[in-house]
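Several structures are given next for inspection.
The two complexes that follow have subunit A in common; it is paired with subunit B in the first and with subunit C in the second.
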Partner chain A sequence: MTKTDTLPATTTAPRVRERASISQLFWQGGTIVALIVLIAFFTAMRPDVFLSFGNMRNILEQIAILTIIAVGQTVVMVVGDFDLSVGTNATLSGATAASLMIGGTPIPLAIVAGLCVGLLVGVVNGLLVAFLQLSAFVATLATMTTVGGLAFIATSGTTLYGMPEDFFWIGQGRPMGIPMPIFFAVAAAIILWLVLRFTTLGRRWYAVGGNAEVARLSGVNVRWTRFLAFAVAGLASAIGGIILVSRLGSASSASGNNYMMLAVAAVFLGMTILKSGQANVGGTLVGVGIIGVMSNGLNIIGVNTYIQQVLTGLIIIAAVTLSALKARKS
Partner chain B sequence: MRKRMAAFAGMALASALALTGCSGSASGTAEGSEDTFKVAAFTAGYGTPGGKSTLDDFVEKGEALGWDVTLYTSEFDYDKINTDVTSAITQGVDAILAGFPDPRQVSPLVNAAKNANIPIFSIDGGVEPNDDFVVDVTFRQQQLAELTVGALEEAMGGLSGKDVMVIGHDPHIGIMTRSNIAQELLKAGGANIAGGEMKQVLNPGTSQEEALKFVTDYLQANPEGLDGVWVGWDHAALGATQAINEAGRDDIFVTGVDALGIAVNEIKKDGPFYGSVFQDWTSVVDQVVGDMDAYQKSGTLPSENFVEVEGTLIDRSNVDGFTPAL
Partner chain C sequence: MTAVNSSETGTALLEPVAALEARGIVKRFDGVHALNGVSLSVQPGEIHALLGENGAGKSTLIKIITGLYQPDSGQIVRDGNELEFANVRAANKAGVVALYQELSIIPTISVAENILLGEQMPSRGSLVDWGALRKRARAQLDRLNQRIPLGKLAGQLSPVQQTMVSVARALATDARVLILDEPTAALTDLEITDLFAVLRGLREEGVAIIYVSHRLEEVFELCDRLTIMRNGETITTKPVADTTVDEVISTMVGRSAGELFPERSTATDQVVLTVEGLNGRRVKDVSFQAYAGEVLGIGGLAGSGRSELLRLLAGAQKYSSGTVTLAGQRLPHAPGVGRVLEAGIALVPEERRSQGVIVSAPIDDNIALGNLKAVSSLGWVSDRKVVDLARDGLANLQIKARGPRQAVGQLSGGNQQKVVLAKMLARKPKVLLMDEPTRGIDVGTKAEIYRLIRELVAGGTTVIAVSSELPELIGMSDRIIIMHEGRIAGEVQAEGADDELLLSYCYGKTD
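Right after this comes the complex of A and B.
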């Protein structure tokens, strides 16, 4: 009897472990698996097209600007906040640079001015959230609206064009056949990954995001750490916005606004990769990859854009749900 | 406690002063309104080049006539527009100018205006006569579609058997109408609609990038499957043009509508952007201002409530002599 009692226990133990490992794999690898499944699906649908070099380059070019803005958003989400103003900030920064160039300001100076505008928006967000203790949602929602209005003023509601040809190299240049935005995206991702992974500042960001009170008691200046995260997100948005203007050859009053939602979605998707459920650059890149592959693949197989939007929304819901469930589990 | 009481009293005093200031200014305006012709102008499309310049032009011309014009705008948010204009009606206006309204989404303000017996003059308020407006001056969508499809036909050397992508935006009633007319004209001419159906841009503000992706991805999958791209407005047409240029193709042509300055520059390059249609909104504003002026002076309403005007095709043949307004 004892034998019969103990036998099932010994046989079920590996099964439980197996189940645990499958479950763990699902939680931690689900997003990567989703990306692989999407790539496999679109490859099966259009085997001659989807995995071609040209299309891979296409996808990378299409997600390059989103990558830059999303890695900036990652930093803010590492400290446990989020920035709703990244899209309008990108629009305003790009429009400022474009407007100055059209007015005769030299390209480098105009770009620096655009970057300063983005940084300034980030600084304002940082002050509101870190020092005035406003909710990140309320503060960045307010700056999103204000900055969106400023973008209308900067563009006079119209399309700005006529920037110097040399400026277009940033967004349209193709050294070695690779679009320039891809280089910028790779650089931004590597720099922020290095900062988050190997510097004291990166560890402080994670410490504040993990438990701000414990971080404070450990000697971390929580306010400055959060402030810097918003400043970085502002700067990243400005870089993305300026590249977007160069890529399109024009600046309009809302050209970068959509990037906010996509950037948040990408970071949420990426948060499911780490066991801790924290935002991380690697995960964000996977999230950006999913969004890019979805958009490109659905266009290639001819799916209606309305359905594309529904599917993107469903993916965001799935990602947020996964993150929430994972947070509860941990 | 004493400090709190002082703060409370201070806030109360400040609020009272602010309210006094507000009420004083409101009463001043009300007194002025007895003599001044008050106009509430609105548009949900102030974020578009045509919308902004047209409404700014109206405000400038109205104020030059001595009217008190208040402009209400939003970014395609009709809930805000309905609320703003309805409260303006409550406060008292003499006439309303609807700039590029979607007639399907302005019922609350239309009902409020009807109840207050205030006439609504409209610019580009639909594609058919609408009793909600005492006049609606708009461009004939059939003509815009015919001009652009004709230009595309000329560029491609005929329509029969050609693959044409159609890019539209259904939430905008004018673009939706001309896009559907163009699609039917293309089909009737024997062209195939690339991808089987019209591509829908989700957000006009980001339409250049959206159209760039549509055409880039389509060409990636169907390098030999595209001869032309018909686009309902220039901003998106620019994205399509860029995709064709980046693909290194010189045998695919694009048409748009609006004749924006940046589009006109592209047409001048003799590249993929073949033609666009100029809509003279300045003359439309003049006509509506004239109608409103007649109403102010004599109470006369326009004899027709739906006036269609025609656009001008800008292509390689006349682009050098054309000065864009937008």
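Right after this comes the complex of A and C.
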């Protein structure tokens, strides 16, 4: 160790390696290995089917809506909270748009109304958590339940049919042979990745999640920043919910509810990728990929959906355990 | 665990057997020597100070003594028996216990349970024997002369009571070697006196105590001998009576202590900040002015409203009435930290790790956080500007780091403090507020911070700094305001200031 005359040696030989490159930091960890192993496994099981172009397109189409909702959830988890209402919010937003269209409202107007409903749910979450300082768990659990009930009211507890044909293009259109939802998912992921990575808002989100008090004393408006995260998640849920209705051609009273668990799971899987354990869009995409590959692959090899659910839970436990063990070792 | 009896190996029996001895400890991390042949010997019934700057190797040595790390070579000898501690439990079993301020109690369970946690918990079958628990917990607290309610949740105790509870727990496990790491950091003077009385009592009982502290006054008041470490080596061990504060400092730093505080520059008479009739939580009717180019020190006892005053000025807390005028512009009421920063007042907060830096984030992101406008245009952040800003900070403040992307949590306390400073200095504030600017920082870095403060005021900045250490307050300031129970009790010029007068202001005497 060399040292100058003016400075006493104060370094304590830091032992953790510095970020060598973005890729090294981003693409590490058991989660990615898990995704690769899954792909390899299903390819080996059904080499003729799994890796075919048609099936790959299927997987992407199946995970597109989950991707949109999960990247919204990523933002909330970046600020250190989570949003349990994204699933029922997607249902309600989709159902609102559907019932308006069935009632004769022009498509664009109905879509905007659905988006507003989703945004409004996000705004309420934001008010409760950021301004009234309720715990995110309690607040969004309550809105989840309320919004779920509203979705039943909006659909009268049935499944709504009879939206105009033009509306189905959003969820079923295939320009260049690629399903429309994939375009929306890619756009949502890119936009939120850019915002998180390159904007002052993204930095504020990460700072609030890292240490809200430090952020506040650095001049960040913590409440507003946290509020915006919930608003984004609400809007993302609404987009996902409306695309879902278009893709299915119908709106049921609970069609999007499952997305909450899957979105949280995907973000958790993705958090294991970064050494710092922060939520990040790249990781969330890997998490969504694992969930999508699991469900599609198990379908192809003929495993029933109940067992699929059990296996999905187990693989999440495995990936998170692996990364926790690694963190303990280093 | 291997144990070799001293009489069998023929160790000189005439020498008193040390309660704990570390011999020739070597520890490398990634090939870098953290400890290079360290030796330390503590006798039963001795309070032994372990001194050294941050990074000198004190914490590594303690982690080896308590079984958290394994040495690459060297021995730990306890009561003449050579031991190897495979883990912390093994060290505890051998009677070696370390107390860390933050980790030592579980806030959500009762005092009695905290004292007899784990294997000490008395039980009947698998049920807790509450009667025996209370009795034995009470006995441990009696030993320390403490009247702490056993049923109270430990989290509701004052810091000193929490320290007492963790000492009691150590004693309940029959600790014969007690290691205290900065135990007084969160304590008031009165509480420190209380703690010292307890430690002296333990000394009478023959407990060996290793006392790690940056506060040399305390060491000289309490300890019997001291060992000084520097650069992973033990430099000297001496009875405290045979040395002086100056000598200790120069041994720790490797140079003379006279350079600790730089020369005072000349303060101007140009008013920068005017505070009138400020009222808020713990702050009552405070009025003062601060001038360009001066260091205004604020002193007072803990709880006198010093920190709260700074937080009011920084916009981190709201004031109920009063005005703050900066360079002729009156600040709006309750503006929030962001607006105050824009206006030109920046705060370096008291608690570095919970208020100053995001420890998990890299240096450059931390510095950028306080300067988002400077590193972005239209909300779009430039990575290059972020890194450039961090490089400037690293260079200007001589921050010892491997580069701008290193996580702040990996830096020493002094360098973390410099990162907070770099973040705020990049805003080029007119007024820099500093709350305990050198708390928990080694002597060498302290001197650097004092020098930095002087450079700042020489450039026309006003620095307002709170400190609970009178020598620091006098050494670094041009002018000193002392607070008592939220009010300004007195004001003096720092040059040639009288300790006793300042203290009497601290305790409420007014002019």
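Just so it is clear, the second predicted complex is superposed on the first by the 289 of 330 C-alpha atoms of A that agree within 3 Å, B and C clash if a C-alpha of one lies under 4 Å from a C-alpha of the other, contacts with A are read in each partner's own complex, and residues count from 1 in each chain.
Heads up, the rule we're going with is that contacts are C-beta pairs under 8 Å (C-beta built on N, C-alpha and C of every residue); 3 or more make two chains touch, one makes a residue touch a chain.
Not measured: the values here are computed from a predicted model.
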Does the superposition put A:M261 against subunit B (first), subunit C (second), both, or neither? neither
Going by the contact rule set out at the top, does A:I182 touch subunit B (first), subunit C (second), both, or neither? neither
Going by the contact rule set out at the top, does A:T199 touch subunit B (first), subunit C (second), both, or neither? second
Which holds for A:L311: it touches subunit B only (first), subunit C only (second), both, or neither? neither
Of the partners subunit B and subunit C, which touch A:I32 in the superposed model: first, second, both, neither? neither
Which of the two partners, first being subunit B and second being subunit C, lies in contact with A:A207: first, second, both, or neither? second
Return first, second, both or neither, reflecting whether A:I191 touches subunit B, subunit C, both chains, or no partner chain. neither
Across the two complexes, find the residues of subunit A that touch subunit B and also touch subunit C. none
Under the stated contact criterion, what part of subunit C meets subunit A in this complex? 29-30, 32-34, 53-55, 59-60, 231, 253-254, 314, 316, 336-338, 341-342, 347, 349, 354-362, 365, 368-370, 372-373, 376, 379-381, 398, 400, 402-403, 405-407, 410-412, 414-415, 423, 442-445, 448
Subunit A to subunit B touching residues, read off their complex: 46, 49, 52, 54-55, 58, 62, 152, 156-159, 161-162, 172, 244, 248-250, 252-258, 295-296, 299-302, 304-306, 309
Over in the complex, which subunit B residues touch subunit A? Could you list them? 46-49, 51-53, 75, 195-197, 199-203, 205-206, 208-210, 212-214, 216-218, 220-221, 235, 238-239, 242, 246, 260-262, 265, 326
Show me the residue ranges of subunit A that touch subunit C in the complex, using the header's touch definition. 1, 6-16, 18-19, 198-204, 206-207, 210-211, 213-221, 276
